Amino acid sequence: MAETKVRRIDLGPFFVPILSIIVALAVGGAMIAIQKINPLLAYKVLFTTAFGSVDGIATTLAKATPLILSGLAVAICLRAGLFNIGAQGQLIAGALASAWAGYSFVGLPRLIHIPLALLFGAFFGALVALIAGALKAFRGVHEVITTIMLNSIVISLAEYLASTPFKEPDQPLTRTPKIEDSARIPDLLGLPFGFFIAVAVSIFLWWLMRNTTTGFRIETIGRNKNAGWYAGISIKRVIILSMLVGGAIAGVAGAIETLSIVGRFEPAFNAGLGFDGITVALLGRANPLGVIPAAILIGGMRASGSTVQFEAGVAPEIVDLLLALILFFVTAPLLARLFKKRHDGVSLTSGWGN
Amino acid sequence: MKIRISYVITLAFIALFTYFYRQDGAIATSVVYTAIQFALPLALAAMVGVMCERTGIVNIGIEGTMLLSAFTAFFVGAILKDTIKGLIAGVLTGVIVGLLLALMAVSWKMDQIIAGVIINILAAGLTSFLYRQNYSIPSTLSPIDLPIIGTWPIIGPILSFHGPITYFGIVFIIGLWIALYRTPWGLRSRAVGEHPSSADTAGVSVTKLRYLNVTIAGAIGGLAGAYLSLEAVGIFERGFTAGKGFTALAIMIFGRWNPMGAFAAALFFGLAQAVTNQLMIDEVVKIPPQFINMLPYVLTIIILALSAGKVRPPAAEGIPYEKEKT
Amino acid sequence: MTHLLDIENVTKRFGSVLANDAISLSVNPGEVVALLGENGAGKSTLVKTVFGLVRPDSGKIRIKGEEIAYGDTAGAIAHGVGMVHQHFQLVPVMSVTENLILGDEPTSLGFMKMKRAREEVVRISEKYGLEVDPDAIIEDLPVGMAQRVEILKALRKDVSLLILDEPTAVLTPQETDELLQVLRNLAKSGV
């Protein structure tokens, strides 16, 4: 009896994301054209600002760094079947904590101060994520709502702390004092050092997911909670572990941003970075290595946002819109279905119970 | 006699209210009045959640729905200089978003959480990009002085003088509650959310019902958004909805997916905010403003922590329905 | 003589698995026909085809001589076909009455009339000799009871053909005997 084989066009894992980007650019271009601006001009400006010069590339990579890390934070939780929308709050917690460590400890050598500040960032980012993780593991509260709520809580709390107890004295702005020089992360070969840290973390996570039992446990729980439970994997432990790791990474993202670029903690220094993390994670298909190119793309778009306004007259929020469109086309099975590709589905826990 | 928690809470509320009314009647009634104003968009948004989830669709995109609808309601009203047309635009926006969610969740069988998040991000991106300053609507939707009830003491100042969306909303919530438990539509919707194949084998179209409910829910979400920009205040800002769509989900869970339960939870929320506001104004308690801002979010988490895990959502929610899997 | 049910050359494939291979079969009114086969032989697939849950790749199905459209449970119900499923198609959290009226609820001015519904449940349970408690919640019932509700659900509409998919798999031997007796009674009454 002959087996009929369904012919599948297998164009590789990059096809759908790339096609999605093209379609999104087309739709975005239409919206730009409505405003009587030439979309091709706008896109040219976007691209050349981001990648056209050494300076531009440096800025792009600097912007990409926190995106890689927050993308990783979301991605590793996605692998466990959790939707960590709280990367933003965890990032801010990390930023504030590292800033505090940056200005509170005086006279430390750089080799100690920087890792210490990073550790502070990781710790407090993980702490915030732990709240959501514990609520999910022990009370079955869905992490989407808790992480979003925690975002707002952390933002408000951080603003309070930066305006009163941790405020830089003798000036009216809401911000912490500057960090010591010993806490500053320098550039390496003209490129932000933080970028290399981010890539290192991503490679480490990729290795972790592929070659360790921990990674295996996370994957299993992510694909099928019950199967994992039958196999003896503690669901609660995996949930808490994934959230802790995600939170720590997001915290480090905030820490690097603070220690290498901003130099102190200022509220609203990075509005929206956390949400871009979601886009990065989904574009990169929740793959620790895949988030790198996704982050560079988005980082480039963000880096050239203001230039686009200046030179092409388009509001910088076009980037928000384009990213939203890209995300839509990447995740909606529209394009994937057209080509009968097996959807590399990352399935999240839906529903509110355990 | 079974002592129901809801009776206890109601009695406690009446007792507290009577006490405060004796202290200062005007303030007491105005706090409850404000509570209703705070509660209404949350209650309507919670209804969106109830309608969707009871039929088996998880709707994380309520926030985005409200944001987009508030946006279109405001700007259409401002450009056309007609608040009513703005209201219609807002509701229509909600319908479109509802259809989109139904398309993604029912037809494309996408993961519903992702679908909701996409709606939120799309809404944020669109409203951000299209936002323009210096627009204003001719007037907010005018408050209505209720004919008979308005003259009653105590109840009058509380219930009267709300806007049209408020009254419609209250009627809708009661109507939804009745419809959900006493009409065929309600029975079928609940069956689809609990055990869709049972409904299917009984001849009920799961797909059609889900599309219908999600779309109507979208309209209500649009109404909630329009309320925010047209009735409560007459403005729109980026990020206007400030998490209300998510709080509504917590309210829905706390209210056990029951319209009246969710309404009560929303009122509780609104009351908490109104009381805190009043305490701020009276400077009874000196709390930094950031903590006031935090209150709704902290409350949401507390409510969820207390109720989730003990409650049972509709059994089939979040799972796309596939016919041949019986 | 027109058969009650004609299955003509029905074939169904699931991917590379051939579940039904050009099956033909006829059933007359008043007959009790049992399909026997090993696991995976394709029995469930075949009966689901008759009820409209599965679309055959080729072949025809006639009820009382009339060809029916495939993949349409409402159509099957309209032709007097009822089905008792292997996995009960009942809503666990709802009551017996609610489950039985689902899809065809007694109403007045748009509102469901639960009193009427309850009376109907009592009526048909007596008619077919399958006693059930109208207000019991399905998930609280023992399996044999739940199956009665499942059967009643199928019988509620005017059925001339009743399909049962692996009904004895979940029953105790005693319940199985009861079921067979019920089936004989039904056949006598013309189903």
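Going by the order they are written in, the chains are A, B and C; count residues from 1 in each one.
Methods note: contacts are C-beta pairs under 8 Å (C-beta built on N, C-alpha and C of every residue); 3 or more make two chains touch, one makes a residue touch a chain.
Note that this is a predicted model, so its numbers are computed, not measured.
Participant: Going by C-alpha centres, which chain is most central here?
Facilitator: Chain nearest the overall C-alpha centroid, as shown: B.
Participant: From the C-alpha centres, identify the chain that is farthest from chain C.
Facilitator: Chain A.
Participant: Any idea which two chains share the most contacting C-beta pairs?
Facilitator: A-B
Participant: Determine the centre-to-centre distance between chain B and chain C, using the mean Cα coordinates as centres, and give it in whole Å.
Facilitator: So the centroids are 42 Å from each other.
Participant: Calculate how many whole Å lie between the centre of chain A and the centre of chain B, each centre taken as the average of the chain's C-alpha atoms.
Facilitator: Their C-alpha centroids are separated by 30 Å.
Participant: From the C-alpha centre of chain A to that of chain C, how far is it in Å?
Facilitator: So the centre of chain A lies 53 Å away from the centre of chain C.
Participant: What does chain B use to touch chain C in their complex?
Facilitator: Contacts found on chain B: 182-184, 187-188, 190-191, 194-195, 197-204, 315, 323-324, 326.
Participant: Please output the residues of chain C touching chain B within their complex, sorted ascending.
Facilitator: Touch residues, chain C against chain B: 48, 51, 53-54, 73-74, 77, 83, 85, 87, 89-94, 98-99, 101-105, 107, 110-112, 153.
Participant: Considering the complex alone, what residue numbers of chain A touch chain B?
Facilitator: Touch residues, chain A against chain B: 31, 83, 85, 131, 135, 138-142, 144-146, 148-150, 152-153, 156-157, 159-160, 163-164, 275, 278-279, 282, 315, 317-318, 320-325, 327-328, 331-334, 337, 345-354.
Participant: Using the touch rule from the top, collect the residues of chain B that touch chain A in their complex.
Facilitator: Those in contact with chain A are residues 58, 60, 104, 108-115, 117-118, 121-122, 124-126, 128-129, 131, 242-243, 246-247, 249-250, 253, 288, 290-291, 293-294, 297-298, 300-301, 304-305, 308-309, 311-313, 317-319.
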